Amino acid sequence: MPLGGVLFITIFVIIFGCFLLFVASKLGKRSYDPVKQQTYECGIPAQEKKDTKISVKFYLTAILFIVFDIEIIFMYPWATTFRDFISSGQGLFVLISMMAFILVFIFGLFWEVKSKALDWE
Amino acid sequence: MSPDVFLFWFLAILTVISGLMVVLMTNPVFSALSLAMTMVLIGALFVTLNATFLAGVQLIVYAGAVMVLFVMVLMLFDLKNEIYAFTRGKISGAFKVGSVGILAGLVIGSIGLTASTLLQSSTAPLVSMSGDTTKDLGKILFSQYLLGFEALGALLLIVAVGAVALARSKGGTHAK
Amino acid sequence: MRARKVAHMPSNFILEVGLPHYLVLSSLLFVTGMAGVLLRRNAIVMMMSIELMLNAVNLSFVAFSRYLGLLEGQVMVFFVMTIAAAEAAVGLALVVAIFKRFKEVNIRFFEHLKG
Amino acid sequence: MGNDIFEITVNCVKLIIVFLLMVQAVPVLVWLERRGSAFIQNRFGPNRVGPLGLLQLLADAVKFLFKEEFIPEHGIRFLYYGAPVMALVPATLAFAAIPLGYPLQWDSYIFRIQGFEVNVGIVYVLGASSLAVYSILMAGFGSGNKYSLMGALRATAQVVSYELALGLAIVGAILLYGTFNLTEMVAAQQGSLQFAFMGHAVNLSWLPNWGIFYQPLGAVIFFAATFAESNRLPFDLAEGEAELVAGFHTEYGGFKMLLFFIGEYGHMMVGSALMIVFYLGGYGIPGVTIPELQQWAAGVTSSANAASALVSLITFVSFTVKLAVFMWIFIQVRWTLPRFRYDQLMELGWKTMLPWALGNTILTAIVLYIAKA
């Protein structure tokens, strides 16, 4: 795996982006105005940020994402080796064990749908 | 200095720095972002150890899922710099730092003392692992460790159910 | 014994990277995470420090797997990752539940939850 | 040692070229999008600057460059400036791993038309593009604006949800090819459609051996999920103007905005390129195999090096044509379909696409087992 290449292009892109931002910030004219610095708030004076209500749904989605993402990641090594297992005669065994795993997956998904954890309003 | 050695030192130093930043940053969002960077760098270190598939999994699971959850929760709470970010009391703090330092010294010292006998040969692997260990990993996972694999499937189901039940406790689905 | 030491000890700590290097790095990260758990007061940051400790252990697993030529270490890392992610999901769910109720994530505050 | 330095230099230059290829495609795509949308909506679009308005983007870039720089009041400086830079990284990393053409052989030196060869290509590309979420979150939190934050959270939840469907849709393709390596996948799709099913050899010479004929459902789910991943209409809920102003980049302007744009178009290109590699034969040309092409090239020029370069060039052009077709589909869809509602979006991702992708995986595994055993 070309780790050096990955690191090189990452660092290059970061330097490239920073350079562009730096050049752009130097070229533009600057004038200070307190109103300009205010955050966008549809034309009315900006309100306190504290009272933003954010639905816990977002966070719930992230939790479910973690769980299902790992289950999907577990399928990847199975998917690459399944052909080898078939040709070595263990295909049925591996297929059944994976189907048991997927059954648990389906059960979890079904439960989440049933419990309305995935509904948005 | 060969490229591999250079890569190791580069990654190792960056990893330690970003690991320290996790602990030292007072703003929890910065802590979380530097932890995400640490995870990516550890994934890169996995690549230097020929575990390329695990490096990808590290990116997807840790950097792409777990840390996103952490960052999201921190933003949801909107925590500012904390006044009491660190433990209070100078004596107990010094005691904790000291005990951590002693542990580090013991571990590193014992590694240094046994470095000569560690695995007999410490620079070259005994059995050379071929470039692609991904398929072997799949084979061993689905023959020898099948039971653990299925058990983890059941565990994940329980986590999905339990975490959702916890997150939705107190009836409502919206933070007050 | 002495002869073997000469033959197998890395002749130069900087120019030859081997298992000890990875183990030292892993222990440094572990200790950093442990310091985070002991010193920080924010429950979420403490959980992040625990993740850091788990990652350090994963690194040593992979290093041993590479230098022993055994794949079991990598399988173990796979399992540890799963458990760590599960721990993070449930732990954060708990913290969110407490935060929703009391608006507080400082670990000192959690002591009041004693029955 | 001299060889090493040569190798490193070649690879670094190649990576920079791949990156610039991605960056310079963006102005062309923006022009195409503006002209295309005007065409769809029966307008003219930008047509004043240069022939067909082609220089409009140059003018825009100069304007971007001279925009005034300011940071919002409650913004966090590091996150505010870090987010646009971070937006470039995942797309570039993912795009560099995609094979863009048949490897060029110059004497004994093999030059790959791809940033770098990764033996776990799919996992690497998915991992790299999963980092895109950080740019969004950093922008949302760093701006110190509630619209930005809500847009960022929406975008994150959406990207994350569709990542599941995306990852699961690929499992069928991985089962089919039995590898993570993108180059091997492309190689497996050359020639005409032929497979062995329960001992019978099936050969359909009038169809190319593309993955889409084995995995139609997977291909559809994958392509729909790439729309959501790149935050494009009909899935651009993050910037529903009526509710959230402009989502996570409300507070951004000038070059910072341009960097977000490059990131977005980069994600579209990565998604299209992956679609081509998994399901549409990669850089191959339908009806012509690589050996046939090599034979033809050898007839055109006497030099083996030139013939190899010709083959690489033709395969690269083939890939580019396919990519252009997909980019046009992206643009056409954006200007044709209305936006989803957020609950519809989540419902589609979790309750429709995920189960179908799961069904696709199970079906593929069972059919594969029956066909092979």
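Quick notes on this structure:
All chains are identified by letter, namely A, B, C and D, in their written order; residue positions are counted from 1 within each chain.
In the analysis below, a residue touches a chain if its C-beta (ideal position, glycine included) is under 8 Å from a C-beta of that chain, and two chains touch if they have at least 3 such contacts.
Not measured: the values here are computed from a predicted model.
Innermost chain of the displayed assembly, by C-alpha centre distance to the whole-protein C-alpha centre, is A.
Note on interfaces A-B and A-D: more C-beta pairs are in contact across A-D. Here the CA centre of subunit A is 16 Å from the CA centre of subunit D. One finds 35 Å separating the Cα centroids of subunit C and subunit D.
In terms of their C-alpha centroids, the spacing between subunit B and subunit D amounts to 29 Å. In subunit C, the residues that reach two or more other chains under the touch definition are 81-82, 85-86, 88-89, 92-93, 96, 100.
Shown for subunit A are the residues that touch two or more other chains, namely 1, 4, 6, 49, 52, 54, 56-59, 62-70, 73, 76, 80-81, 84, 98, 105, 112.
Annotation for subunit B: residues 3, 52-53, 55, 57-58, 60-61, 64-66, 68-69, 72-73, 76, 134, 137, 141, 152, 156, 159, 163-164, 167, 175 touch two or more other chains.
Taken as a graph of touching chains, this assembly fits none of the simple shapes: it is neither a line, a ring, a star nor a complete graph.
All chain pairs that touch, listed by label, are A-B, A-C, A-D, B-C, B-D. The touching residues of subunit B, when paired with subunit C in their complex, are 1, 4-5, 8-9, 12, 15-16, 19-20, 22-23, 28, 31-32, 35, 38-39, 42, 45-46, 49-51, 53-54, 57-58, 61-62, 65-66, 69-70, 73-74, 76-77, 79, 82, 84-88, 93, 96-97, 99-101, 103-104, 107-108, 111-112, 115-129, 133, 136-137, 140-141, 144-145, 148, 152, 155-156, 159, 162-164, 166-167, 169-170, 175-176. By the touch criterion stated above, subunit D contacts subunit A in their complex at residues 8, 11-12, 15-16, 19, 64-75, 81, 84-85, 88-89, 92-93, 96, 115-120, 122-124, 143-147, 149-150, 153-154, 156-157, 160-161, 163-164, 167-168, 171, 174-175, 178-180, 245, 250-251, 254-256, 259, 342-343, 346-347, 350-351, 354-355, 358, 361-362, 365-366, 368-369, 372-373. For subunit C in complex with subunit B, the residues that touch the partner chain are 4-5, 8-10, 14-25, 27-36, 38-42, 44-45, 47-49, 51-52, 55, 58-59, 62-63, 65-72, 74-75, 77-79, 81-86, 88-90, 92-97, 99-101, 105-106, 108. Across the interface of their complex, subunit D is touched by residues 3, 29-30, 33, 36, 40, 43, 52-53, 55-60, 63-65, 68, 71-72, 75-76, 131-132, 134 of subunit B. Across the complex, subunit B is touched by residues 4, 8, 78-79, 118-120, 123-124, 126-128, 130-131, 133-134, 137-138, 140-141, 149, 152-153, 156, 160, 163, 167, 180 of subunit D.
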